[in-house]
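Same chain, two partners: subunit A is paired with subunit B first, then with subunit C.
This part shows the complex of A and B:
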């Protein structure tokens, strides 16, 4: 092999480091055996390096490759889709290391490494992950540099320094390209995430579902209001509307179950200024969006359902930002169609007989539907019903009978469930709404952060003349939940985020932890808006703000200008480095001496030693012989002797040398 | 045929162009004018990878993928400057070329030094047909590089233009230069043995014997001097108590053998030179003095390395002038 083609040892070490740092963020997503392959490859390669093992033969390579494919097929059930593809890349990356013999292999390995960085972004573009990936890019680049430093067997810091400098120099141009490169739509459909768990609310609701979700401290979405932020008790983020009860679970109406005429939302009369806000949702792998009622979103791809909720046609795989206008006071569906009335009154034939009976009794005792609502809420309020995150399970065919008459402990979904069943039994159209309630206002940037533990379920009843009216039975049981949030409501129970002891949200009472958390969240919001969520609209706006009217010529000028602005200083710094000679003080002083000699016609010849020069100089200027000898011997002492005893003595000699040289002023004819 | 001639013509034009751009010189300092830079094969492969990354970014509408792709693309561009800087400022000096006989390897010594304290890595050097070398200037300011190449015909051998290239630091770009160091190796005639040197009676010594160490014929004793070989010591005499004496040997060095062009009548130029070359080496090996007479060239008899080199040089360059080409 040509010496050029060899892989230096330090490059190999950097590559093995890269191998693990690149795999680390994927670790939770890939099967365990791939992690084992990483360790196996690294150990094998190091044994090869130390000469105790040899490179794999052809057959072994084929066997390893095939078993890699087979393993992924068995683990994922398919080779198609984003996750299996990434797992394949990661496996190939590890196996490539074993057969890495020449520099060519190393290039393939390292470029694959850059690619693996990108695949990480397809799962998350979180600020911390991006910073971590930047570190990965630095390590890969360092390995690439080390690959071109033959004979550098020492693991040295200069290598990573150069890689870092180059990346820093590349940064400004990257930013320019990032904001100026036209954002176009996908060229073709790509494998989607098939294995990622759906998060947040699910499309059906059983007692216990919401309380389970409320254990999580993850962020569901962040909201930025244009104007004032409404009171937390007014922020009911509608997501799903559940109109059918089947086998103890609430579900939305399926699209095809709705008659064609009922599929579009009714016209709503809006008046006054709406609440304008924008929401950035975390990926849920589901397709519904959250909004305050009554919401309109003029966004490509955002649809409105007949129950006035918003949804997308495709599942939300990445963070998604949308702008909404809401009119909270607008009346919804003042005229109810027969089909709709029938649907919203339907209950499974035989279940919860006790509950139905109770509802019918209560209805008979009051004059209007409105009073009926009040009577049921009053019952929840006055009787010993308890709001808890740890409700008992409700087995059996009649869960609401059990809940209302026996356990009396429940989370929001229990109360919403029971309430809607009672309303329907009493002849009032009603449905369950699932979403989030409240949210934390971040004082740093005035966004509202809605966490998973803000998940909530409430009810909507239809009253003549008022349309759909929001009723929250939980508020009757635990007003604190609505006013102050879950943490306050559960203060007595101590069950808030019980299973996430490390979540910073648990330490909200410690001021600096809380401030740090909120500041980071504000940063995340900005990151999501300006970087992760940067799209063609924002791009257009930004370019227009900065450059005014956009023209091709301006565009080119800005691009070229920014390139010149970065490349010229870099080039100058590199070339200037070439032009500055780091002479030691000793050499500088000696050269002064030489130039003074040259001034009187005694040029130092190439290859002439100081002694020879001194000899000539002495002969030409006998008067200065002592000086010349002194300078020459001092120079010899300082330059060629081992360090003259101590550093102090050396500086002393150097000072003396300087003085003598300064006093050496030969004149012609001396 | 036509193609061949076009290629030939292009090659000639290129040679003329590069001779104008980088004229031959014993010392060359690399600067903008002398350095060429272009993406390497790895660079093109990297570009292809970037394209795939860009397509992934577009298809997944993933801004961080865009950002990483752009970062790597600009890294590529920044690398141009760094790769260039790795060659820029280097000074290459032709030191010497070892003379050789046809078909032998000649050794070319080249000194590569950096102008200032800046690390230069993985500088690959080779002449078109020579061995290659990979040097780095990290600790030292200069490195002497030896490249070997088989030489051709009698006369001055030019190894061609020295290729100096580097892909440091990322391997994405290849930066190179072709420099003519004006360095020539002297190629002696191919020695050709002949049974006897015509017209010379080697068994009839004429001239005075001169003591020469290492010869065979005993000549006398003298007092031991420092540096005399142990084998020369007159051990028997020492045993007899005559003190330390060295034996002296003599060769008939002053026989004034003339290697003459006219000794080989009827032979061609090259053959004559080959025979003369053989005999010159032969006499040098025997420690006998020899002179050279060629048309227009006379070298008085002598011996020793310098003398031999002078003789061989005349033989090598006979009829060629000193025009190096």
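This part shows the complex of A and C:
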């Protein structure tokens, strides 16, 4: 192997460091045996370096590769999908190290490293991960630099500094590319994540679902209001509307089960100033979006359902930002169609007989539907019902009978469930709404952070003349939940986030922890708004704002122009650097002579002396031999001979040299 | 000029016994004119001894040869004081070093102790035995030969001592045509050949040496020399670059070369001609560079621009 092809020791050390730092963020997601492979590969490679082991043979390599595949198949049950693919890549990355012999192999490994660095973003785009990835890029670049420092035997900071400088120099180009490069949709689909453990609402609701969700301190979404932030008790983030009750679970209507005429929302008369806000949602793998009622979103791909909720046509795989206008006072669906009335009154015929009987009795005792609502809420309020995160299970066929007459302990979904069953039994159209309620206002940047533990379920009833009206039975049981949030409502119980001992939210009472958390959240919001959320639409808008109407040609011009803008200073500084070596008139003139020779195909080699060049030139162009000799000998006299004569003589010679060079115009074939 | 004719005649004279090696003969003469010591490194039987003896003969110098072995002691070279019973005093018996041209054959076969005794004498031009300092004759040249170090039973000279030699030459195998001529003449051993005519006398040697002092090295040339030296110090292929002494040696040799070619000033060719002989033993390639010493010089010469950086 040629010496240039060897991998220097310090580059190897950097590569092994890269190997582990690149794998680290994936560590929690991949099976343990892949971690073992990393250690195994690193140890093997180091033993190879120290000469105690040898490189693996062909058979061993094939065996390792096949067992890698087999291991991933056994661990994931498939080789296709995002996680198995990434795991495969990580395994290959580690195994490549032990067959790394030449510089070419090192290139493969390091460029794969850049790619692995990107795969992390398929899972999370958190700000800290971005910073960590920058560190990784620095380390990989350092390894690449070290690969080209064969003389450096010491493992030193010089290498990393050089890599850092190179990356900083690349920064302007990166910014230009970020803003200017066309954001073409993916040509192939990234396999969807198969995480089922992701917390969030699901498309049906059983008693206990929301309380489970309330254990999580994850962020569901962040909201930025254009104006004043409404009171927490007014922030009911509608997500899903559940209209059918089947086998003890509430479900939303399926699109195709709805008659065609009922698929679109009715016209809503809006009045007054709307609340304008934008929401950045964390990925949910689901279609629906959250908003305050009554919401309109002017966004490509955001649809409005007949129940006035918003949804997307494709599941939410990445963070998504959308702008919404809401009119909280608008009247929804003042005229109820027969089909919808029937649907919103439906109850399974045999379930919960006691509850139905109670409801019918209460309805008979009051004059109007509105009073009936009040009567039921009054019952929740005055009788000993308890709001708790630890309700008892409700076994049997009649869960609401169990809840209302026996356990009397429940979370929001229990009360919403019971309330809607009673309403429907009493002949009032009603449905369950699932979403989030409240949110934490971040004083740093005035965003509202809605966590998973803000998950909530409430009810909507249809009253003549008012349309759909929100009723929150939980408010009748535990007004604190609505006014102050879950933590206060459960203060006596101590069950708030009891399963997440490390969540910074638990340490809110420590002022600096809280401030740090809020600051970081504000930074995350900004990051999401400006970087993660910068999509083709926003790019288009930005370019349009700056450059006016955009055409393909103009776009290309802008793109190339901005590249030029970044690269021209680089070019200038490079040229400057060269120009700092002041060439003497003599050298300048001689180089003109050389460039004329180069023009006819006689290039001067760096180590070639004037005489050697002249010799070659004479042979190539015998006709000009005399001229070439004259120039060369004049140059030799001026450059190397002792200056015997007066300065005037010297300048005279120089002038003569200039003249001869100027007159030297060789042509090809002369 | 007269000197050039003398030098050419000397080269031709040596060329009679060492066939087809004119460049090496010229470099060896250049080394001696520059008051330097010469190291010839090659396999046995390549004409190392022939060259050194021929040099002594054409220069009309006294000549001695020491075969270095592992049991050679410093006193074997420098000389010893012996008690004279008649005079009842010690008298100094000078060693073989007291000569004008010393051939130190296979210098790397002896122990470092003896090597350093020789090298000290080379550097200082005098020897000190038993507290008495005795000057060596003038001119004093050492032509040392050395087998390539990967042969067994050798004590390779350290870099610091290699630096004492102005030049290192490799003779190499003769050209087939030259070898044929040699075979026809059957003049291989020293014993059966005639002594060469002296071509350069003491006065001429002094003239050459004083001419070297007059040679002009222009700024342009010194720039080139410094670029060469800087390259060996900065480039990754070199573990150790040229020392300031190496740079001086380079300039001195180039000046001598210029004189030998009848020029009053140094041109880049002069530097390039002496560069391999002067620099190759002073440079240490870095651990990751696997090319040979000469390839290294080639690289140096190709990468450093003669005209400008």
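A few comments on the model shown:
The criterion applied here is as follows: the second predicted complex is superposed on the first by the 527 of 670 C-alpha atoms of A that agree within 3 Å, B and C clash if a C-alpha of one lies under 4 Å from a C-alpha of the other, contacts with A are read in each partner's own complex, and residues count from 1 in each chain.
By our rule, a residue touches a chain if its C-beta (ideal position, glycine included) is under 8 Å from a C-beta of that chain, and two chains touch if they have at least 3 such contacts.
Worth saying up front: this structure is predicted, and the values here are computed from it rather than measured.
By the touch criterion defined above, A:137 lies against subunit B but remains apart from subunit C after alignment on the C-alpha atoms of chain A.
Once the two complexes are overlaid on the shared chain, A:384 sits clear of subunit B and of subunit C alike.
Touch criterion met: A:111 reaches subunit B, while subunit C stays clear of it.
In the superposed model, A:149 lies in contact with both subunit B and subunit C. The partner of subunit A that touches more of its residues, comparing subunit B with subunit C, is B. Within the superposed three-chain model, A:167 lies in touch with subunit B and out of touch with subunit C [touch as defined at top].
After overlaying the two complexes on the shared chain, residue contacts for A:590 are found with subunit C alone; subunit B is out of touch. Overlap of the subunit B and subunit C interfaces on subunit A: residues 2-3, 149-152, 581. Touching subunit B in their complex are the following residues of subunit A: 2-4, 103, 107, 111, 114-115, 117-118, 121-122, 125, 130, 133, 137, 141, 144-145, 147-152, 158, 162-163, 166-167, 169-171, 173-174, 177-178, 181, 183-190, 318, 531-535, 563, 567, 570-571, 574-575, 577-582.
Looking at the complex, you find that subunit A touches subunit C at residues 2-3, 6, 8, 149-153, 581, 583, 586-587, 590-591, 594, 604-612, 636, 639-642. Residues of subunit C touching subunit A in their complex: 216, 218, 220-221, 235-239, 264-269, 272, 286-291, 301-309.
For subunit B in complex with subunit A, the touching residues are 42, 45-46, 49, 52-53, 55-75, 77-79, 81-82, 84-85, 88-89, 115-119, 121-122, 124, 132-134, 136, 138, 167-171.
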